[in-house]
Amino acid sequence: MKRFTLSDTPFDTSALRADLLDDRVGGFASFEGWVRSHNADRAVLGLRYEAYAALAESEGEKIMAEAMGRFAIIDARCIHRTGDLAIGELAVWVGVTSAHRDAAFAACRYIIDEVKARVPIWKHERYTEGDAGWLHPQP
Amino acid sequence: MKRFTLSDTPFDTSALRADLLDDRVGGFASFEGWVRSHNADRAVLGLRYEAYAALAESEGEKIMAEAMGRFAIIDARCIHRTGDLAIGELAVWVGVTSAHRDAAFAACRYIIDEVKARVPIWKHERYTEGDAGWLHPQP
Amino acid sequence: MGSRVTILYFAALRDAAGMASETVETSAANLRALYEEVQVRHQLPFPARQLRVAIDGDFAGWEDVPREGAEIAFIPPVSGG
Amino acid sequence: MGSRVTILYFAALRDAAGMASETVETSAANLRALYEEVQVRHQLPFPARQLRVAIDGDFAGWEDVPREGAEIAFIPPVSGG
């Protein structure tokens, strides 16, 4: 079963959430990254995510397995968009279920932090001033 | 505007989430409490939440205002069910938006923790063995 | 000279009291003394130190005075979420 | 005796190289030396220490040898999420 997926089209979070329904679940924590109109004080028109798909999927799946092992959770999913996105569109979704809320929060945070740090996906922003560029934050 | 509400019927989380859409939002953190089939090793048939509604609403609203003041968030909502709930039903929902994920996670956690600790709502569980009882955890 | 107040009971307190509310005449000097009166009468299962107390929909202090016409609630430990 | 390898370029590396991939014959002793070759040729904007490197879809080490037929990717700092 795949817990991490890339999607080149908008995705439906309610289907992802429904996939995690289980009557042992007491806590469900989720995180969504949305495309903002501003980043680092620059007005953004839209953006594009590019991935090295094969490696992104295997590294993403590794992160999900780490989360399953480190936290007392029941299940977890993460999906990340690729391609062109407009302001307000959903870039990434993480959902985690557990019996108790501590583990759900901790695992949800772990997954989004690791995905942002390790999965080979790159953001290209277009600005209202006409220029554009890749984001390559130095660690 | 009310950020905290009680609901005596099932509620639609997508409408609550849509209420928080804003193009300044980069991070959206949410938490849901679902009715589990087991609690403290006892098999649960279903449960009922009772609230002291006037005080629950004012105390809930106070928690939301505290979260708005303490964290760099854009907005937040919380809704809590009252009445009879079946296994798998949604008991509470918290949603928080922010420019950056740190604040959204921290505020979401603050709200659910404070709601559970301070808002006058009580859970009555019915067990498969035929008995039932109020949960009054000692702090 | 007592005050007439309405007392609200919730959850296990309501089950123990056998009622959701009652209106009583009390000469209790403060809310702690009022709770002690009703605790004895209804055999309520919590000592005051495990409860919070509210007057007219706001949390109040145990030393507050039961004013004429007040709606008083003794709040057992909560279990929402 | 060189090895024939395919190199993948992503994001700012692809823009700088002007291509998404190329197949090259290299006698570089390891992936660090291979990167130094292509960095000079394409004027790539990152030193190796800011990159990660992958072979055939798995993260690899800079001292690994470019095997014949390998697909090698130099991974610039990521910005998903």
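The first chain written gets the first letter, and so on, giving A, B, C and D; residue counts start at 1 in each chain.
Definition applied: a residue touches a chain if its C-beta (ideal position, glycine included) is under 8 Å from a C-beta of that chain, and two chains touch if they have at least 3 such contacts.
The shown structure was predicted, so the numbers you read here are calculated from the model rather than taken from an experiment.
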Touch-network distance, subunit A to subunit D, counted in steps: 1
Chain of greatest Cα-centre distance to subunit A: C
Intercentroid distance (Cα basis), subunit C paired with subunit B, Å: 26
Averaged-CA centre spacing for the pair subunit D and subunit C, given as whole angstrom: 74
Subunit A and subunit B: spacing of chain centres that average the CA atoms, whole Å: 24
Inter-centroid spacing, subunit D versus subunit B (mean Cα positions, whole Å): 49
Overlap residues in subunit B, where contacts from two or more other chains coincide: 33, 112
Contacts with two or more other chains, residues of subunit D listed in rising order: none
Complete list of chain pairs which touch one another: A-B, A-D, B-C
Complex contact set, residues of subunit D against subunit A: 8, 10-12, 15, 46, 50, 54, 57-59, 73, 75-81
Subunit B contact footprint on subunit A (complex, rising order): 14, 21, 23-34, 36-39, 87-88, 99, 101, 104-105, 108-109, 112
Of all residues in subunit A, those that touch subunit D in their complex: 33, 49-52, 54-56, 58-59, 80, 91-92, 112, 115-124, 133-139
